[in-house]
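Each structure below is given as structure tokens.
Shared between the two complexes below is subunit A, which pairs with subunit B and subunit C, respectively.
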Partner chain A sequence: MMAPALVFLVALLGWPALQVVFISFRELNLGELVRGEVIWTGFDNYVEVLSDPEFWTITLRTVVFTTGVVAATVLLGLGLAVLMRHLSRGVRMALQISLVLAWATPIIATTTVFQWMFDQQYGILNKTLVLLGFESYSGHSWFSTGASTLTVIGLLVCWQAVPFVAFTLYAGLLGASKDLYEAASIDGATGWQAFRAVSWPALRPVLAIVVFLSVLWDFKVFTQVWAIRQGGPDGQSTTLPVLLYLKGISGSGFGVAAAVAVLMLIVLVLVTWRYMRLLVRSQETEL
Partner chain B sequence: MRSWSKSLIGGVAVALAVAGCAGSGGDTGGDNAQSGPRELTVWLMNGSAPETLTNALHQEFQAAHPGVTVKYEVQQWNGIQDKLTTALASNDAPDVIEIGNTQSPKFAQQRVLLDISADTASFNKDQWLSGLEGSATWDGKQYAVPFYAANRVVLYRKDMFEQAGVTAEPTNRAEWLAAIEKLKAKFGSDKDFQALYLPGQNWYSLLSFIWDEGGDIATQDGTTFKAALDSPQAKAGLEFYKELVEASGTKAPKDADEQTPEQAGIYGGGKVAMIIGLPWEVATAAKSDPKITELTGAFPIPGKAGPAPVFQGGSNLAIPANSKDQDLAKEYIKLISSAKYQSEFAKAGMIPGTSTDLSALEAGGPASAAMAKSSTNGKGVPATPGWATIEAGQNPLKDMLTAYLTGAKSIDQATADANAVLNEAFAG
Partner chain C sequence: MHKTRGQRVGLAVLGIAATVFFFFPTYWMITTALKTPAQILSPDYDLIPLSVTFDNFASAFGKDGFTSFLTNSLIVTLGSVAVALAAGLLAAVPLARMRFRGRKGFVLLVLIAQLAPLEALFVPLYLIMRDANLLDKLPSLLLVYVAFTLPFTVWTLRGFVKGIPVELEEAAMVDGCGRWGVFRRVTLPLLGPGLVATSVFSFVTAWNEFLFALVFIRDKGNQTLPVWLSSFRTAFGTDWGGIMAASVIYAVPALVFFMFVQRKLVSGATAGAVKG
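For the complex of A and B:
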């Protein structure tokens, strides 16, 4: 019974993944691609990537960026989920509809709106800050340093990711029965104690999955980073996916790009190792 | 879990696409001329040849070659490099393609274009546009034919110049700066007024200033290029850019180019006296204010003495090495590079690539006339495969400009850094 499904999985997942690994050991530029030449170069691509000090800076930057965005997303999502639990029906509906709308807006459309908001000369943010009395923000450039640029990008990614996290966690919260909260309040539990004793156990497995997924998504986010400043200024907001694009698509160095892809996968596995084990274990205990 | 599985399927699709690319290739096209009805696939770019031109051209071509149909497809610039990469690698490659001049050396070096060195005479070689010719050549061989180009001019508000007492169009740097001072004296009380809107990353204008000083982006020796932005001439060009930014009091962002936000829209807002732009940006500006077309004049970008050299951006025509009908493709290029069709380009406001007859351009309004004036002094970027990487990726010239203008780096540091990035890209 499992055979057809397995064949499909191997064909659709295994083979392309294997191809990427193979390509990372080949010299494959535009010319080789067009002429269909296969040139094996061993670990040359890896040596080239790993010996570039820039690669390590970018890796560190990507990990820090991912951590920050995931933490902000999950905390905000958790806050909203708890809030939804306590809101009256009408207000909750309004909140949920706005969340869905934020989620449904195409990435590039949102990115463009953010670019307008943060525009140096005509952006509503600078204008508002000046109106509020912060004169120094007149003509302030939010994209003059890598840290500032990545913060804006982080905000943007976070804004788009929060709805999914909030809804998923809210669903987890609904799993804790109202009776439990009632019992807790009869025992004299404070709001915080009720959260620790009742909500938290219901949330934990969902939270683990949400964090895991967020790490995957935020680690490989490309569109927003590229659209805002192409990894600038001066390459200071370049993350690993942008590096992959620069090597592979801009530079037509598919072999080197594949090596970057494999290295990205390794970093990702290292970062999520604990969560993967946790996921596997929690599934075992549930069964 | 639903969206998880969706992104999984998406990922698989991407991986499959990549895998598909990797597996293809193999047998090349060749010249197996078929008998019977044939089809010539032509890819031109959006906004390139006017429809009236292609209609007439295809009619004439099909009449001259019975049994041949021209399959004409208009491509979008956005993402064209990826599309061409895929198409040129396939067994079903188009027969004639238009490629941006800065992308041409890359495709030529990878030997995915047909060597047409033997046929250049039939493509009007003696009248080729200087700014494009270099980009169509690699290692002494000809891989493409200049198609058309455009260069930047200074667009200005005639009414503002008149009110400020600027009677003649500036022809050199000193006159240009004097005009800016007069404009500022007249309109400076309006705090939104900008004598010249010049964003920090308008690197095409920087090239004009560098060339005017006698410098260049890189020096060429055969197929080896060496970045030369740290030369005194290049630094002088960069210094003039800064002088211009400071003298004009432009409020444009120092960390963006002329497209973000689109400068034509800002010019159309009516508070800007000059921009350095392409002739058709007047039409874009007119969308904000239709009166602007009437009020706009133009002059070539001023140099130290007389017009400065200008960057010529444009397109070349080439035949993919995988084309199945290369002889027919040559016939097609021969026809489109003839004076008859090239003059249509001039009429449409572009500099023809294979004809020196600019009369139609000179008659086409002030912006086109100014473009025609500086077109004889057109130059291109280094004709190296590495240049495509620079433009599709992170442009070190833009980073250099921003770092120098904002004071983040000294001029020596900024030029040395940009030089290093360029040399790395040239090395491939």
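For the complex of A and C:
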């Protein structure tokens, strides 16, 4: 019964996962690929990648981008989750519907809308800023520098990621029993005290999961970065996943790209190691 | 906790501001799609469409092979949902119910595969598809999407199967059901919510997938919607009405699927990740 799933997982996940390591130790460009040559070069690809200062710039940029997006997403999600608990029914429903819409809209559809809203000439954002008296934003280009481009991309990613975080944390909040809040209220706890004593213990484990998942997801963002400016202007919004694509497909340097992939995985494992271990251990009794 | 009137108003204002923030892009996408080109490019400040036209939708459908990209996306997505569901269900039952060597290790690998950034595998997968002569063909995407959604599917369905009391299945056996009869009459109906949640997950993953669609499919005729839409400048220039109409058409199937099961998806995602 497990055969079909096993075939898929072994052939298209397990085997490629080994292959990516093997390929990273080979010289494999278009020429070698066409001729079917297998040339082992040891750590040459890694030396090439690691000695390129651009790789370090891009890695640092990716880490900063991920940190910023995760922090913004989790804080906004947390704020919205707490807010939802205190809103009246009508407003809460409206907020939840708009969050579900944001969540469900396909990534590329949202990306095109953001490009339209941030459009230099006719975009609604520049129009609004001018209307508010910021005349200098008339015809302002949001994609002329790497920092500005990445900020827009970060906002886009955050906008799409917040709903999941907000709903998950909201579910966590609802998990704290109503009796506890009542007890806190009878004991004369202020809103903040009730949050710390009742909500926070219920939220903490969920928050840890949400941060962990956000790091995993935001670190590997490719679609939005590529669709907005393909890593431009001048490579200034290139992140590690984009570098991987550029080396591998545009440059046909499969060996080097595989080395970048392995390094990317190493960075990710290092960042999430502690939580990964906790997660696996918590599952051991369940297995 | 009792709130003062001021606090209640303040909260409502915050709630409405957040609603507007998250609703605006969707609103802007739909209203732009309904505006005339003249109104879209006019310097006037207009948040509300003054006239409504469906020309943009007609022009989106008329763009170089839009319907074939839509069909490609639908084939790949629905195909991978069906295969992932069938293969995942077949694997989830023994993983939840039977004890055999290597089970623990397999479940652990499924958990890790679910979290791993599978995009990092695109070089070997590209080479595998090249060797299999599948580049530029839709099955290459279908196969990869199945592989990508299987870990989550297996993991979640296994959790749902475990949640069904064994006593129920035993009772059916006592009543004369065979293994298959138990599965069909007891297990399968109780798995409903799990099947819905996993199929939506697969649908959204495949419908959104961009990187592999970009890497595997170079032949323009076999492209999927997201890749084609991302290069809208070549097809539309600055025809923002057309772009937004195409985006709306692309978004509708995902919205329909999503609205359908939003609640289950939240509980499913966390149940799968935390409690198993």
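Annotations
Here is the rule we go by: the second predicted complex is superposed on the first by the 257 of 287 C-alpha atoms of A that agree within 3 Å, B and C clash if a C-alpha of one lies under 4 Å from a C-alpha of the other, contacts with A are read in each partner's own complex, and residues count from 1 in each chain.
To be clear about the criterion, contacts are C-beta pairs under 8 Å (C-beta built on N, C-alpha and C of every residue); 3 or more make two chains touch, one makes a residue touch a chain.
Note that the structure is predicted; figures quoted are calculated from it, not measured.
Applying the stated contact rule after C-alpha superposition, one finds that A:Leu131 touches subunit C and leaves subunit B untouched. By the touch criterion stated above, A:Leu83 is placed in contact with subunit C alone, subunit B being left untouched.
When the shared chain is aligned, subunit B and subunit C each come close enough to touch A:Leu213. When both complexes are overlaid on chain A, the residue A:Leu265 reaches subunit C alone and has no touch with subunit B. In the superposed pair of complexes, A:Gln19 makes contact with subunit B and with subunit C alike. After overlaying the two complexes on the shared chain, residue contacts for A:Pro163 are found with subunit C alone; subunit B is out of touch. Once chain A of one complex is fitted onto chain A of the other, the partner contacts of A:Phe143 are limited to subunit B, with no touch recorded for subunit C.
For subunit A, the partner that touches more of its residues is C, with subunit B and subunit C as the two candidates. Shared-chain residue A:Gly36: touches subunit B; no touch with subunit C.
In the superposed model, A:Ala227 lies in contact with subunit C only, and not with subunit B.
The contact surfaces that subunit B and subunit C form on subunit A in the two complexes overlap at residues 12-13, 15-17, 19-20, 23, 33, 119, 122, 164, 213, 245, 249, 254. Across the complex, subunit A is touched by residues 3-4, 7-8, 12, 15-16, 18-19, 21-26, 28, 81-82, 85, 88-89, 106-107, 109-112, 251-256, 260-261, 321-322, 388-389, 392-394, 398-399, 402-403, 406, 408, 417 of subunit B.
Of all the residues in subunit A, the ones that touch subunit B in their complex are 12-13, 15-17, 19-20, 22-23, 28-31, 33-37, 115, 119-122, 139, 141, 143-144, 164, 213, 217, 229-235, 238, 245-246, 249-252, 254. For subunit C in complex with subunit A, the residues that touch the partner chain are 1, 3, 8, 11-12, 14-16, 18-20, 22-23, 25-26, 28-29, 32, 40-41, 45, 47, 86-88, 90-91, 93-95, 103-104, 107-113, 115-128, 130, 143-144, 146-147, 150-151, 154, 204, 207-208, 210-211, 214-215, 225-226, 229-230, 232, 240, 243-244, 247-248, 250-251, 254-255, 257-259, 262, 266-267, 269-270, 273-276. Taken in their complex, subunit A has these residues touching subunit C: 1-6, 8-9, 11-17, 19-20, 23, 33, 80, 83-84, 86-88, 91-92, 94-95, 97-114, 116-117, 119, 122, 124, 127-128, 131, 159, 162-164, 167-168, 171, 181, 185, 191, 194, 205-206, 209, 213, 216, 219-220, 222-223, 226-227, 241, 244-245, 248-249, 254, 257-258, 261-262, 264-265, 268, 276, 279-280, 282-283, 286-287.
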